[in-house]
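Lettered A, B, C and D in written order, each chain numbered from 1.
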Amino acid sequence: MHVFLQTLLDGLMLGGLYALAASGFSLIFGVMGILNLAHGAFLVLGAYVGLQISQSLSIEPILTLPAVVVVLFAAGALFQRYLVQLTVDRGGLVASLLVTFGVSLIIHDLLAHFYGPGSRTIVSSYAYSRIEFGGLVIGLSRLVPLVVSIVLILALHFMLARSRLGREMRAASQQIVAARLCGINVRRVFALTFGIASAYAGVAGVLVGTVLPFSPNSETYWTISAFVVVVLGGAKSPAGTLLGGLLLGILNTMTAQFISPLFTSTVMFLVLVLMLLVRPQGILGHAAGATR
Amino acid sequence: MTGLDRLDLRSKITGNIGAWIAVGVIALVVMAAAPAILTPFQMRVGMSIFFSAGLAVAWGLLGGYAGYYSFGHTAFLGIGAFTGALLSNYLHAVSPLVVFGLSILAAVAVCGVLAALIAYPVLRLRHSYFAIVMLGIAYVAAEVINNFDWFQGSIGIVVPQVVPRGMRPEMFFYYALLAAAAICVVVTALLVSGRVGYALMTIREDEDTAKMLGIATERYKILAFVVSAMLTSLVGVVYAFSIGFITTGAVFRTDFSLNMIVCSLIGGIGTIVGPVFGAIILTVLTQVVLADALSFRLATTGALIVIIVLLAPSGVLGLVRGAAARIRQ
Amino acid sequence: MTDVVELDIAHLRIAYGRVPAVWDVSLRVRSGEVVALLGSNGAGKSTTAKTVAGILPASGGEIRLAGQSILNRPSHEIVERGISLVPEGRLVFPEMTVLENLQLGASARRVASRIQQNLDYVFELFPRLGERSKQNAGSLSGGEQQMLAIGRGLMSSPRIIILDEPSLGLMPKLVLSLFDLIGKIRDAGVGVLLVEQNVFQSLNIADRAYVIQKGTLWREGAGDELLRDPEIRQAFLGM
Amino acid sequence: MSIRMNRRTLLASAAGGVLALPFTSRGRAVAQAAKTVVLGGSIPLTGAAAETGMNVFAGYKTLVKFINEELKGFDVGGERVTFELNMIDDASEAQRATTLIQRQIDEGIEFFLGSFSSQIVLPTAAITERAGKVMVQTGGGSDQIFSQGFQSVFGMYPRASRSVYPAVDAFLSMDPKPQSAVVIYTNDPFSRLQADGVTAYIKEQGMNLLETYSLPAEVTDVSGVLASIRELKPDVALCVTHDQNSQLITAQMAATNTNVKGLFQVLGPATENYRKSLGNKADDIFAVTSWSEDMKYGDDIVGTAKDFANYYRKVETRPLVFHVVNGAQCIMIYMRAMQAAGSLEPMAVRDAIKGLDIMTFGGPIQFMPEGDGHPVKMGLKIAQVQKGELKVVFPKEVAAASAIWPMTPWDAR
């Protein structure tokens, strides 16, 4: 029982990271129908920006988040405004797959050039602190991302549900022509969506960096895990992303504990495939998503 | 390129079918005769081109014609490679060419059966969901081959040499991969020039309408999926023999899957010559032009993909056709 | 709305790719009048409407609103200038509430301060929408969705509203009240461009009408005048 | 239609001309081979193995520069010889590597340096072997490379299955002697062979092997493994894992206070990133190295290990790790073998390499008949991180410091 609880707890901690890492990917897919293959690259870029700032100013990694948000928001919004939108206009959603893939290669290569291909970590002051109660152990470095993740995903939820921008995002995702006829500047909404999603990826990157070693190569892993989270939780709501992320985390630690650590990825992909075959719209998703 | 244009293109292709056969035969003869003057390096570049072209054409049967973009075709490449490699290690006593032939047959058969088994559930999904499920299947296949010792994926398998005595390996595999690519082109051309091609393109333009028109969409999709998988595994197993040593990481590469798509898009999707052009362009770019680039090679490739997609969304073939149309006017 | 505004379309040309859909269409709509744009299916009516709203690009000609060109301007800017298109097929946001749909209709900056006022006006025109304001638009009946679409179009306080096939798929009783409603909108000082296949009723209500065929203007004139035109009667009314 | 066809063929031939251009501009290497020996080969500068690839590459560059600029070349059969490096990026992809190696063979290059990872080294070595060329490599240790019957392919390390033996030997030399062990490994070709070898060796040496854990290449959480270790309480843990996983394991061990008497990691501690990011948590961890600059190695060409380190820091900016030194040694091997052979004929040089039994700034060189490194002379040394520095602690003859044993518990740091 103790082992089970500990594993569950570890899974939740890890799941928070997965959820936050996938939230931007999910937002872009939900609003625009674009699978942003550069998502992992933006996440890793965020990690390097955080690393750079926290090292050069010798400040706590978490304090770099506002700066990371600004940089990544700008990068994401410009990327959408000047590249992705143009691509979708000219070649459709499929062409955007290629362009985002191409951009992921560029980001990957530039990061490897400037920071080297080796793995790095962002060191926080609480990296080795932990909370213990009733024989259960929680590392603080993993608890912080979970808390930040829940807070930010709730914020995203309320932004989408209550704010004017959120309403416009939902409108554009459901009926793009009608959104334009309502006088919504859809291009602006899309650029903001991409900016917000990239800022979330950047924040996730910094948090990932405080927990796990990362390198330019890590981008692929985070893009793929975002896929899995979206498939588990559905693309249309932040709540779904949170659920999908937590499920993936628990699945991961449970597999490692009760089957073998070797099979964590196997099980992850198997679940991805089975979920798609059985419930393509995700656990909380909408049936309309299946034909996207 | 709109659907109408594509259908228009089809009529052009079938309309000139005699000319296309002539071009194909001439190209084949030229490529078969080429090793007489090619250096071994150029033959290896040829091998890379045939490898990419075969894969891209095989992928295009499903992705280009039926509009089902698979992100995980490397699954069939990898399974084909491992089937061939494993089997060939049990066939020591038989002569090398027989080993080669049997391994190819086994790989193609295994992939055909596997594809047929998963085809129905997988093809119920559309668009991005189909793309992702295929990506997932590729990962599952790679993980299984890597994690169960019987497959030896994590340690790697040495594939026996099958090159006949006195023949240079690069020449042997130049011909082997040329043959594999030619089979991909011919099989795909035969399929799409008839009723199947029309059905697949109707599915691509509007699957629900196709269904209402009484087209047995499931049957055609499954046919395209299975044939596409078999052709992919054919290229994969020949590749395994040409490399001589395979590990999971060497054949289950996501970038192989992406290359198939990139070649198709660069050349012109929904055609047969398009992916072939794409393979030539991409291979020459990465292995000849950028061969000596020590840094920014990835970034350059990425930037080129972006530029081509933006400037030539219907591929190089589309550009050529557009230019030809302008000249005609 | 005291000042009279005019939508002036001159020699409009629109093509889908290389296939021209509208060759040469000219028409005018003023605030406070109902103008019908008639024609058979595929004549280019909807294409014209979408181009005015900035959804489709024009390849030639001119569109002016109050003297200023709005040709090929982005759609949100056109809404900002005071043109509202209620599209064919309604296109409501199915997974949002009626209220949210209406709020979105007032996305233009120009009406930011008038949202509540416009909401009250729309609920007065369509009491049914008020009753269902918390319900998802996707769950409404076809007629209710049409009301919602028109209501949403009115939320931006348009000077010219374009209704694209509003009677399509409505029960005859609802069609009657729809034309009744169009009269009310005109009386509030809004210019209505009514794109319709329902020629008889459109001509009955319209102050003026234009008929297009195969992408070119074929007839124009006062509503009752065209109603008496024998060629029109033969072509559209089967008399 | 006929006009269209013509235009098509015209375009095709134009494209053919463009394609042919890059081919014809090659072949410069052959013309100037009289005194400059070109060393070819591929190395991963992008892709999964790029970090180590860059280190090896830095080693190649350093010694080539030293020989050309400091020594102004060397004499072979009365002729002054200098080296020219002609390396290409293989991106860890076999087909690209084989194609580009073939180009170098066509250009007349006769001596090759190796890539990194066996899935590249094996296919490329098969090509150089067949063409009658020589390859000296420091990136492929899989047993399969040395069981192909290659005559002209040499590796700088003992084959993988034997390469981690020294770690077990080192632990067994400690006092008190550890009794039990666990092994954690990444499930990829090289690590897997190393792990299989070392688990067998642990049992052979009479230690109690409690458990082996196999990890996928991408690991995000090892809490399960660590919980099990806390339960089993082994004396030592051996990690046959890559940099990234090693780093994660250490960080999580420290965070969850999972203590063992000895922690050994094949890869990781040798990199500066690892030691920098883990700070004092990296201390007392055992690692492999084949070299450290305070070792008493030396030769009369480059000088001592320290001399090499000084020269390296003058010309290169990457941190000095043992892969750099092994890369540099490959160049040294070519120079010494060419001198010994008195010829630049590949097979003569090959035979001279087989007969080498020398000492260098990087340690002794002697190859086994199959081409792998001598398990003792070229075997890996065991080092320990002490106050952020990597110090060789085993074997005793080359040790620069004595081992800290058992390691300091995490919470006591």
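Note that in this section contacts are C-beta pairs under 8 Å (C-beta built on N, C-alpha and C of every residue); 3 or more make two chains touch, one makes a residue touch a chain.
Here the structure is a predicted model, which is why all the values come from computation and not from measurement.
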Check every other chain and keep only those touching both subunit A and subunit D; list them. B
Which chain is in the middle, if each chain's centre is the mean of its C-alpha atoms? A
Which of A-C and A-B has more C-beta contact pairs: A-B
CA centroids of subunit B and subunit C: separation to the nearest Å works out as 51
CA centroids of subunit A and subunit B: separation to the nearest Å works out as 32
Whole-Å gap separating subunit C and subunit D, where each centre is the average of the chain's CA atoms: 73
If you average the Cα atoms of subunit A and of subunit C to get two centres, how far apart are those centres in Å? 42
Note: subunit D residues in touch with at least two other chains are 46, 48, 187, 214, 216
Which residues belonging to subunit A are in contact with no fewer than two other chains? 109, 112, 262-263, 265-266
Give every residue of subunit B touching subunit D within the complex, in rising order. 16, 19, 23, 39-45, 47-48, 51, 143, 146-147, 154-156, 158, 169-170, 239, 243-247, 249-250, 253, 255, 280, 284, 286-289, 291-295, 297-298, 320, 324, 327
Residue set of subunit C touching subunit A in the complex reads 53-55, 74-76, 79-80, 84-87, 91-96, 100, 103-105, 107-108, 152-153, 156
Can you list the subunit A residues touching subunit C in their complex? 167-168, 170-171, 174-175, 177-187, 286
Provide the residue numbers of subunit B that touch subunit A in the complex, in ascending order. 69, 121-122, 124-129, 131-133, 135-137, 139-140, 143-144, 147, 254, 258, 261-262, 265, 295-299, 301-306, 309-310, 313-314
Contact footprint of subunit B on subunit A as seen in their complex: 29, 33, 35, 83, 86-87, 90-91, 93-95, 97-99, 101-106, 108-110, 112-113, 220, 224, 227-228, 231, 262-263, 265-266, 269-270, 272-273, 276-277, 280, 289-292
